[in-house]
Structure formats: structure tokens, C-alpha cells
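There are structures below to look over.
In the two assemblies presented below, subunit A is common to both, partnered first by subunit B and then by subunit C.
This part shows the complex of A and B:
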């Protein structure tokens, strides 16, 4: 089954289609706004506790690994908020559809499934920026010595980095869910992923606090690009250009790999009946 | 009575047997549970590679608090983890079925999802407890042994009471999961560190509403033989069971109130 058939939609029509899907993703997230409020309470609780623990470590020593008081506070609140934007692990909807066979309908639609789901996820992420990222930053700034970026340029750079982080996180989730085509029960694997992905991407403590050997291994994985990198750009730590380049390489490489895997998965799919 | 116990045993046995059928999934889940508790251990170890003290406490003292808290939370999650399913049961109407059966609703809820892999957290806690006691030379007096035995149990009951209250929120809120999660797992995080780490407002909120300091902090002070820098009396180390009793009584009241005014989701 080809995703781009000969008499398929024109380029501008398909751009419009994906834009509409993104909008639909935003609206769907907005429809569950009460869940967002509850989630925000959770983000705020953890950011608050995390900020105080890290602050009490950093404050007396005057700074750890380039983190001063303002930066560690910003790290705690931004990372907790961003965690819900990039969504390290979702509800495993695709995986469920593969198991039940419902995926056949999505696969036969005249779209690129990966592109369509990415568009929906970007829409969801945009809503999460408003409800899950902005409020924790505001609360952190209100009650703590929160450090905002000093250079104005850091804001657009942070936005680009966050978008790339969503793309990378989405693609990792997509790849993991695709494995359902080969292993019917991925619950154990996905649960393990959802547990370790947080710590490996810098949600528990800044990755710079890890021992050097662990950091060197982590830089070879996509995990820092999902959370730590955008946070680094926000707190102006490290070279922004270099960070964005690394994220772009991860986003492109993983996207291509996922497309390849998706192509293989489609060959596994047998649709019966008519 | 004997008949009732037999019913519960049959239910439990069937739940346990159903999970051991998928061995790979089971071991991966056990590993996940252990790792999710180990996350904070990684954080503590990494932080102490950078600093010598956290809120005036050294590495082994913080690890003692962490170990006690992990064991308590692990025991609680093992027996009470199914409470997380309450919002789902209420939303899908399964809860109405539980209420119609001639068995205790809470009992049915607690046994609805007995997940052996949840023992992973408690295992991490007990291992750490063994490590800190051995490595830091907590003297093995009769008093300390008794404290090491009752603290995780009393702590588990305190956390269980908190969990029950936050789960009862689902009787009033339709999408209450995340609130419950932040209260219970937030308590787990909070009780893993010395109270001196936290600012006064956070301490007040979390020790008045949730008696968090009794789970691990006060007993750990007695074990490492230190007075509380915040001035709490020494007998607080032994107050766990009393605090647990009071918390459970309050939680039971909230639970009954919730069930009493629960009208069902209708169908």
C-alpha cells in the first residue's frame, strides 16, 4: 500500500491536511482541559519539591557543574513543565491499535501515518505549552530566584529546541509502539522505557551532575536531546548552535529510521475481507 | 468468618496465578518497579558526589531516610497499589458492580489488581536498609531493631491513609488520577529527604496535611542518634504507629463519606 499514490493529493493540499491534523490535536487536548489542570497540579508539586532539594545542594556550594541558584531553580521548573510538552510516554494508542488490528484503517488512509500522528502530537504539545509549561514557569518565577534568559535570542532558540525535542520524543514513542508488529506484548518494554527515559533525559537531576563516564555514554543516546538540551538553552548553558545541530541530526536520523521501520511493519500487515 | 477468609484466599490465588503466566513481562515489570524507586537513589548518590551535606545531613544519614521511606512506600504500594484503579473503575462503571457484591468494597478494590511485580520498590528499600545499617554502623541494640521493624510498617500505613484519602477524591472528581498521583508519589519523594531540606511553607503543608516526617525522618534521626535540628521531641521517632492509627481513622472516615454520597455514573 503506497502512501503517496499517483493520483494523490497535491502538495499544498497535503500541507493543509497536516495543518488541520495539528489543529485537531490541539483541540482534542483542549477538550480534556480538566485533565490538564490536574496534571498541572502534579507538575507543580514535583517541580516545587525538586527545586527545594536541588537548591539546598547548590546554594551552600555556590554552584555545581555550572548551575548557580537561579539556573537550578529554572532547571527544576522548566524541566517539569517541558516533560509534559515532549511527553516521554503517552497512552500507547498506536500499540493498542496494532494489537487489535484497528491499525489497518489508519494505514490505508491517504496520508503518511507517521507524519499525521506527528502533526497531531505537535498540536497536543502546543496546548501543553500553554497549560503545562507556562504556569510552572510563572509559579517558579513568583516564589523562587528564577533566572530568565538574559539574551532575547534565547527565547526563539528555546522554541526551536522544544519543537525538535517534541519531534524526537514523538519518534522514539512511534518506534517503540511499532515494535508491537513484531512483539505482541510490549507492555513490559514500554513500562521500562517510561521509567528510565525520565532520568536519562535529565528530569531527576541535571545530566551534568552525573559522573563523567555516565555522561559520555548518555551523549551517545537521543535522551538528552528530548529534555536536557532545550532546558540548557533556556538557562543559557552550553553552545546553543551546537545543541540545535545535534537535535536536528537526531530528529532527522530517527525520523528516517522510523519511516524505514514503518515500511517493514506494513509488510507484516495482512488485511482480510473487503 | 472462616468462609469469608476462604473466599478472599481464592480471589488472591487466582490473581497471583494469572500474572506468573507471562514470565518475560513479569520480570520486566519487576525491574521497572525497582528502577522507578532506584531513580531517587541515583539522584542522591550523584548529589553527594558534588556536595558533602544536604540540609545538614551527610550521605549515609540521607540514605537511611531514603531506605526507610522506600521500604514503607514499597510495602504500601504492594498492598494498596490497586487503589490507582479506582478512578478508572468509577468512570467505566465497574465500581457499581463491586458495590453490589456481598463483600467489602475496599477489600475487593485492594485485591482487584494484586501485582506481584510491585514488590520491586520494597525490594530496593529493604536492600538499601540492609546496606545503610551495615555500612554506617547503626548499633544493633534491641531498641534499634524494634524501630527498624515497626517504622516501615507504620510508614506504610501512614502512606496508605494518604493514598486512600487522595483516591477518595475520585468520588467527587471525574478525572482525579493525576491529583492522586501527585499526592502519593509526591509523598514518596518528600519522605525520602531530610525535612531540613524543605522551606518552612512546604514543611508546614506537608507535615500538617500529610504526616510525612513520621514515615522516615524522625525514626531515622533516632537510628543515627541525632537530635532534630528543627526541634521536634525525641519520642516522635516512636510515634509512627499512633500517627498511622489516627491517619487511618481519618482516611476511613473520608472513604465512607465518599462511598455514602456516591451515586454511580449511571448507564
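This part shows the complex of A and C:
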């Protein structure tokens, strides 16, 4: 079962289709550049506060759990920017479509819906890299003792890790929204997710600050792979190859699970009638 | 002969859960579509008409593969829809008057280009098709505008273009003129009429606006409570259900009420008795005969003959079937009068 296979002509046409959808996602995000500016301002404010607080905690002791001053500053700014790139909390577009029945249009297109939405989300994420990730890194570097990666190789590894993080985050959101097919109202599920995802992915404090037993449990969830892992690669903590492998496994496993779930959702739609 | 749409004994049931006690729920089976059979030949334009909740949309969903039938057989473009939904999607175009398939935040042109990629339409064919729609639907002035800024009329023209880009064999229109103003309706109908006439595109149209049917579809399928009440040419149904015609005569001078000539059922007159209306049965007499008879009694200035409006025909069908005889949700938009020859 290949993700992007659709009945029809060549594979290159398939690639062109999903590439065009990614471009559409980019353009759609760009259509609201004013919202991006507003988001950037609030992002920067939060990063500023977090960086200052974390510095107060880390500086006197000379470092906590491997986080020195440069690393904790980089963590604060990169994670804040990355959070908008991976988009921890979605806007529930698919849920809305299921509730209104508009999903009928998307379900009957000659595409793989999950693949199509992923392509669109990758396009959106690319725009967020420019408007939501790059500026905080620049600000952090200008005004703080920001630590850039020492090895050049960390940059491409970080890029790969960020893409995997987007795939994982998208798939988690997709799975969450698919539950609308059964629950109709996913507000409760979404709220729980938004509370849990931020903390468990390492947005609040670095996951290394958690007690050991909590970390052990966390590594069994996909949440660190959404945010903490790419940040770790940026600040050069841990083994990059191992981190990427874990992310790849999560991305593949969740993608397959989501495909399975989507198949069930379609069956429910078609056989039971919504 | 192969049909574009071939439906036989189509039924669809839904289970609706209802509370029957404090803690108990029981399933009630509701039959949305019951034993529906019809065929649509290539190039035919068919109107599918019925009140809200009559099973129209359920039928459309089964034709497009969104919903599997509980029983019966469906074939669209030679495919079984719910098994081959994606293959079928390349062969049919769908316009939902109440839903959009365009990208809200992007210019209309980009929405159409995205569809080109999704349906893998060769560039040259896309260009030709788009140019044609731009010209016939006047898209030029708003092609570069984001869809969210378009008026409903403009958006619907965009939706129809979107449904036609991949050159579908069958175009399914679900309430395409809902909410449109007169001018937008006229423009859209004109375009669709041309599509049927020139391109021999097969058209299946559901609507509440019976004028759509009158202008676009020579054939009508009337459905109520999930069952087909009638299927045939509008003229045939008219003769069958409400054959009565009305002859209106304007007399030169006020005079007595005209006599009920042979074949005339009622005579009505305005207060001066210069304009009188004679209802007659065309199977028993002809308009020409009646005019001659009237002219012998009183000098006539003007005459006109009116056929029953399409909504009268449909109301007649419901009444005949024992369904609620009132107008229900079938109505003609009040501002239009076409179909009456006044």
C-alpha cells in the first residue's frame, strides 16, 4: 500500500499533483500574512519570557541536564518557532467538513485524502519556516547568548527532523479529526490533546527536566518526536541518527495507522451513511 | 444501448436511534430511497425533483459513490459507484449549490489550476476548456480574485467551471441555482442549456426551482417519500395530470358571462366582464374551436391560451399519489412568471 498511489496515469503526474497541493498550502498560508505577523509578535513575546525564566533557572548552577546558557536560549527560541511550523493545535478544518457534510467532496476526489492534506500541510509549514521560525531564531541570536550548531551537518539533520516532525504532528491531528466520523463533536478530545501535547512534546520545559520515570514513559509516546527531537538536533544533544530513526518509525507507523482509520471512516460514511 | 446512469430497484435504509425509555434506545429503520429504477441515456438532460427529504440527495450520493445502496443495482458511466469512487470521479462532474469545491482563500484561477493537477488534465486541454468557460460564463473580471470575495453568482459560475475542467461524461447538479438572483440564474441556465445542446453532456439536475427544469430538462423524474411518482417528458406529464388549459379572451364591450361551451369546465370574468377566462379540456375541444365559438357570441380583441405551470403538474402528481397535496416545498420563485403566457 503506497501512500501516494492513486488509480490513474503515471507516478510523475502523482508527484506533480501533490507538489501542486503543497504549493497551494503555501499560498493559502501566505494569503494571511497579517495573521502571520500577529502570530510572530505573540510568539516572540512568549519566547522572550520563556528564555528569561529558563535562564534564571539554569544560569546559577551552570547547567541543568546538559542545558547550559547557550543551549537553553536556543531551546527557548527554536522550540517557540518550531511549534508554529509543526502546528501542534490545528484549526479542525477536517472536523468541520465532516460535520457539515462537505467532506463528501474531498472523499470523492481522485486522490489519497491523507496524502493530499499532508502535502497541503507541508506547504503551510514551509511558509511558517519563513515567517514563524526564522525570525525568532534571528531575534534570539541578536539579543541573547544563542548557541548555533557547531557542526555544519546539524543543519540538514535539523531540516530532516523538522520535516518528520511536521509529518508526525499532521498525522496526529488527522487521526484526532478522523474521530469526528464517530463522535461528531470532538471538542473534548481536542481540548485534552491541546493540554497534553504542549507539555509532553517539550514546549513548556525541556523534557530532560522531567523526572526520570516520566521521561521513560514519554519516550513511548510520539509527542517528543513532534518538538523536542528536532530541537535536540539543533542544540546537538543526543545521537542525531538515533533521533531521526525514532522519528521515522513514528512517522511511518502513525501514517499507516491513520490510513487504516481513514479506511474505516470511509466505510462508516459509505456503508452506514455518516 | 449503454446508459450513463442505470439504476434498478435502488433502496437505501438508515437506522435512526430513538429513546424509548429512560435508558433504552431502539433503532428505527427509515427508508430514504425505496425501489427506485430509472435510466439516463448519453446526452440526455433529466430533472430529478422532489420536496425536502424526498430522497433526492440520498440518490445523488449513491450515484456518486459516497453512499452504498442497501439493495438494488447502480451503474454510472458503466461503473459501480461505491466500489470505484475514484475512477468514477474522473468521469463525472458535480456541482453542489450548497457546498464549494473551490479554495476559499485563493484566487479562482489558482483553484482551477489545483484541480488541473488533481485530475491530471493536460495543459492544452485545460487551457481550451478554461478559455471556453471564461468566455461563456464571463469569468474574466473575477478570475484573479480570491473565492471568498466573489458574489454567490460569480462563485457558482466558478463551481460549474471547476466541475467541467476534466470534461466529464456526466454532470450532476445539486441545486445549482439556489440563492442566485435572476440575472445569475439566467446566465447559468443559458450556459447549461448550451452545454446540453452543443456538447451533448449528460445532465442530471436536482432542484427546487422548477424553472431550471422547464428550461433545461425535457425529461422529469418526480420523487416523493423515496419513491418515483412519475418519470417522463414534461409535456406528457402535463397532459396526464392536469390537462386543463385556460383560454383568456378580451372582449370589445362588457357583456354577459360567456356560456360554458362544449368541453369548457368553468368560466370566470373580471368585474367589467371584458376579460373572461374559460377553463377547458383539450381532449374534448380545441382552443381554435372555442375562439370561433366565442367570436360568434361577442366581438373579441385579444386571446391567449395558458398551459398549467410546472408546479401545478407536480402538485397534481403528489395529489394523485395520495401524498400531501399542498404545495409542500415545491415552489417557483415568486418573482418569475415565465411559462405563463400573459
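Simple rule for what comes next: the second predicted complex is superposed on the first by the 261 of 274 C-alpha atoms of A that agree within 3 Å, B and C clash if a C-alpha of one lies under 4 Å from a C-alpha of the other, contacts with A are read in each partner's own complex, and residues count from 1 in each chain.
One rule holds for everything that comes next: contacts are C-beta pairs under 8 Å (C-beta built on N, C-alpha and C of every residue); 3 or more make two chains touch, one makes a residue touch a chain.
From a predicted model like this one, the values you see are computed outputs, not experimental measurements.
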Subunit B versus subunit C as contact partner of A:217, first or second or both or neither: neither
Partner chain(s) touched by A:17 [first = subunit B, second = subunit C, both, neither]: second
Subunit B versus subunit C as contact partner of A:107, first or second or both or neither: second
Intersection of subunit A interface sets (partners subunit B, subunit C): 32
Contact footprint of subunit A on subunit C as seen in their complex: 12, 14-15, 61, 64-68, 82, 85-90, 94, 96, 99-101, 103, 105-106, 110, 113-114, 117-120, 146
Touch list for subunit B against partner subunit A, complex: 22, 24-29, 31-32, 35-36, 39-40, 42-43, 46-47, 49-51, 53-55, 173-179, 181-183, 186, 189-190, 193, 196-199, 202
Contacting residues of subunit A [partner subunit C, same complex]: 6-9, 13, 16-17, 19-21, 24, 27-28, 31-32, 100-102, 104-105, 107-111, 116, 269-273
Of subunit A, residues touching subunit B in the complex: 32, 34-35, 38-39, 41-42, 45-46, 48-50, 52-54, 56-57, 60-61, 64-65, 185, 187-189, 191-192, 194-196, 198-199, 204-205, 209-211
